[in-house]
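Here come two complexes built around subunit A, the first alongside subunit B, the second alongside subunit C.
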Partner chain A sequence: MTRLRRKDAAKAIAMVAVVGFALLVPVFATDPATTNIAVFTAMYVGLATSWNIMGGYTGYISLGHAAFFGFGAYALGVMLAHLGIPSGFEPFLFVPVAGILTALLAVGIGWVALRTRAATFVIVTIAMMFMIQLLAENLSGLTGGGAGLSFPVPPWSGDFYNTPFYYAMVVIALLALGVSWLIRRSKFGLGLLAIRDDEDKALAVGVPARAYKLTAFIISAALVGMIGAVYGYYVTYIYPQFAIDPLIGISMVLMVFLGGLGTLWGPVLGAVILEPAQLSFAYTFGASKLYLVFYAAVFLLVILLLPRGIIPSFMDLVARVRRRRAVGPSAPAATASDPHAVAGIQSP
Partner chain B sequence: MTLVLEAVIFGILTGGVYALMASGLTLIFGVMRIINVGHGALVILGAYLSFALFKSAHIDPFLSLVATMPAMFLIGVVLQVVFVRPLKDNREALSVLVTYALALGIEGLLGFIFSNNLVQLNAWYETSSFAVFDFHIAYVYVFGFGLCLAILAAMFVILYRTDFGAAIRATMLNRTAAQLIGVNVDRVSALAFGIGVSTAAAGGVVFGLTNAFNPGSHYDLISRLLTIIVLGGLGSLRGAVIGAVLMLIVEDVAAVVISPVWANFVFFVILVVVLVVRPQGLYGIRVRERI
Partner chain C sequence: MSLLEVSGLSKHFGGVTAVRDCSLSLEPGSITGLIGPNGSGKTTVFNLITGFIVKDAGEVRFDGRSIGNLGPDRIYGLGIGRTFQLARIFPRLTALENMLVPVRRKGLRGLFSPGQRHDERQRAMDMLSAMDISAVAHLLAGSLSYGQRKLLELAAVMMAQPRLVLLDEPAGGVNPSLVERIGEHIRELNRQGVTFLVVEHNMPFVMNLCGEIVVLHRGTVLAQGSPSDVRANATVLDAYLGS
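Showing the complex of A and B:
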């Protein structure tokens, strides 16, 4: 018992440290170049975590989440323009509204896309993304079409400019993490994992698979839409190919796979590793398309060398080392001296 | 009415090249159960190879296929062996990501070598046309259609009239059973991937003759190709051919009847309708495997 409690306490302390560190970033890193990286990293932490709620827990791989991202950005932009909302902190109040609108879109898309499974689902999500992109292009009365849509320019300047956006991204990322954590602990979450492992058996034991999948899809999309909304206000100008960018959609997926599909902290780890790397690639190679080649190379290395992701691979390694220690010739001594040896037997 | 009729004819002619590209894609899916998201990029790569041969040696684009198709076949085999074969667990999902990464790599490489400016393949038949009744049809569409038809026919002959084709079809039907009766599934997979990629080269030439393209064009292309093979039913060659022609006819007619801006959108509307009415596609069997 005490051992378990000590482990929980350690976990809680680690979590407070991570959150505290995240909240303090703008205090010790003030120059805009660094905080810009921080904004995008926090953004991808949120995106990867939200994507994982659908892709990781249910096993339904959506490559079209960029649609929700861009839709959220457009939703906020159109609202700000049509309601005449001034720049400042007010637009942030409308971010949840953008999230709700994205959720409504996800109901429609999910209802159609979730009629399919496996490979077909992946394809349908890609197609849906291009459909939304085309809509953003064609509904030019609302979205500005190919000419793009401008947001009110934020009034802040200098070192402070990035700070409100950073905190907005962190708040949504924490919200996504909280939701992800709650889902993992709930009966709903168990149902999602059952769907991932074997949907037909899950149905047979009474998991309302269709409703569960759709719910996970909507939650995931709404969070991504909110992040997109903040992003739109941050970059202040969006156009269809830029807001609904397939690269954004694939990046969040890659981060989840790097960190660990279906784990709580995997997406966070993946985003924290990959996004700064991605930004420095883009910075080093600038306009040159060579940056894409490097990105693809990293991508391939991750999938081929670490197909299960960092956290599950690491957990496996730890479990294997402990088991070896526990059953090896010097086992009794090791068990006695190592307080974690028994607790180390974890499900992979 | 004449306009609609003209649109139907153009739909059929342009549908041919999409049928060819989609067949390669659906063949790869059928044999390996993987979605090759990089197929569009491979088509564009094929187009650029012919473009380079034309620029450097003034080789006719159609003629250049003699060199580019075997080259692309080899590229396909190598890609399959190096990147797709090592995937073991969670193959369907990981293969999507791997082929996506390949698409990005090809896009980046092409952008680095050829820049992002739009280019188009040139040949004498690209601008000259002939009249049928009241329509003027450019030779390039007819030649392209003929080429696609010929390659499709060759593909069907290989698949349905040779032992190797039987091995491919057996693998498509049931991988494990094929293995049990002595089919070397790994070898079949690599060769099928190579065939799919080499047809992409042919598709690339026809696409490049009739459309301006740049390294980023693969996104538009793959979204259409994927829609077509879902419409036809994943893994069904017949479905891919019929789906492609159907889609292109509807798109071209919609461009005339509704507006060119919304023609693309009709593509996706059809997809939604098909998914609601018949999620397995026209000729598909319902995919039951978990991802």
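Showing the complex of A and C:
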């Protein structure tokens, strides 16, 4: 018990340290180039964590989450423009409204897309994303069409400009993490993991799979929509191919795969590694699409070397080392994929 | 009144008639065997009763209530559990977590509160102990042996206290001593009031276990009766051995 409590205490301290560090970034990093990286990193921590609630827990890989991201941005932009909301801090108050509108969109998309499974689901989500992009293009009365949509520009100086956006991104990322943690330890989350492992079996033991999947999909989309809304206000000008960018959808997926699919902290780790790397790549080689080569290389390496992501592979390693210490070096290697394995338990 | 009443059940897959005008009824507290040659429609009947496939015609009544149009999760909720032909468990969850998935809770609050409540955990551990697999409770189910998976699947299905359980080849693919043990577990659960419908190819096992045998052939009920009646039935021998 004491070991467990010590582990919990260590976890709590680590949490406080990470959150404290995140909150203090704008204090010790003051130049806009650095805080810009911080804004985007916090953004991707939130996106990857939110995507993981659907993709990681249920195993339904959506490559269309960029639709919710862009929709959230447009939702806020249209609200600001049509309701005549002044710039400053006030637009942030409407970010949750953008999240709710995105949730409503997700009800519709999920209703259709979740009739399919596996590869078909992936394709349907991609198709849905391009449909939303086309709608943004064609509903020009509302969205400005191909000419784009401008947000009111915040009246802040260059040094301060990034700070409110950074904190907005951090707050949503923490919200996403909290929701993700709550779901993972809940009865609902257990049902999602059961669906991931074997959906028909889950149905056979009473898990209402359709309602569960749809709920996870909506929660995931709403969080992504809120992040998109903050992003839109941050960049102050969006157009369809820019806000609903397939590469944003793929980036969050890649980050989750790198860190560890279906784990709580994997998406955070993946985002913290990849996003600064991608931005510094862009700074070094100019605003080219060269970083895509880098992404492709990362994807290949992850699939080849760490197919389950950093955190599960690391946990395996720790468990293996512990086991070896506990029973001596001659002990047979037990199931590597099993972090709970206890040496000495034999099959009857 | 019978617990399960199947009447005139039919199912076609394209040009193939898997189940044709199938009728059977199960008395509460009974263990009934459903036997028949390969392809005679046994698993299809299971899938029809448990809502995995939609019937073309006929009626399924459980405890007097028509369940022919409900989904599998609803049907489990009403009290009909099932196992699968090749034991199906959740490989990336621990054995204990496998036990907790089927537990039912009321209301939204139950859904978003922690997945392992103390009382549920205790009940799960008791059930695992009853099946002699409590030692593997914290192992990932995917790392268990096939026999352990079979026991785990049966144990997990019982967690929501179903009144009727359909077992698809409970003795398939396991060693003779485990076949014995599985038979014992089924009898014990039956003594506690659970009704069973068992699909099985192991004839000594099924004849020994069941009080009533239903023989299925080409999707229809060929014969029904006590094990000795069925064994003596000439048409049944024909169906199995060919005339």
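Quick notes on this structure:
Note that the second predicted complex is superposed on the first by the 325 of 348 C-alpha atoms of A that agree within 3 Å, B and C clash if a C-alpha of one lies under 4 Å from a C-alpha of the other, contacts with A are read in each partner's own complex, and residues count from 1 in each chain.
The working rule: contacts are C-beta pairs under 8 Å (C-beta built on N, C-alpha and C of every residue); 3 or more make two chains touch, one makes a residue touch a chain.
Everything numeric in this text was worked out from a predicted model, so none of it was measured.
By the touch criterion defined above, A:198 lies against subunit B and subunit C together after alignment on the C-alpha atoms of chain A. In the superposition on chain A, A:124 contacts subunit B only, with no contact to subunit C.
In the superposition on chain A, no contact is made by A:233 with either subunit B or subunit C. By the touch criterion defined above, A:71 lies against neither subunit B nor subunit C after alignment on the C-alpha atoms of chain A. Of the two partner chains, neither subunit B nor subunit C is touched by A:265. Of the two partner chains, subunit B is the only one touched by A:299; subunit C is not. Touching more residues of subunit A than its counterpart among subunit B and subunit C is B. Of the two partner chains placed by the overlay, neither subunit B nor subunit C lies in contact with A:165.
Of the two partner chains, subunit C is the only one touched by A:185; subunit B is not.
When the two complexes are superposed on chain A, the residues of subunit A that touch both subunit B and subunit C are 196-198, 200. Remark: subunit A residues 59-61, 63, 112-113, 115-124, 126-131, 134-135, 138, 196-200, 246-247, 250, 253-254, 257, 261, 288-297, 299-300, 303-304, 307-308 touch subunit B in the complex. By the touch criterion given at the top, residues 29, 33-35, 37, 83, 86-90, 92-94, 96-98, 100-102, 104-105, 107-112, 116, 215, 219-220, 222-223, 226-227, 229-230, 234, 261-262, 264-265, 268, 271-272, 275-276, 279, 287-291 of subunit B touch subunit A in their complex.
Per the touch definition, subunit A reaches subunit C in the complex via residues 182-183, 185-191, 193-194, 196-198, 200-209, 335, 337-338, 340-342, 345, 347-348. Across the complex, subunit A is touched by residues 50, 52, 71-74, 76-77, 81-82, 84, 88-94, 97, 100-105, 110-115, 132-133, 135-136, 138-140, 142-145, 147-148, 156-157, 159-160 of subunit C.
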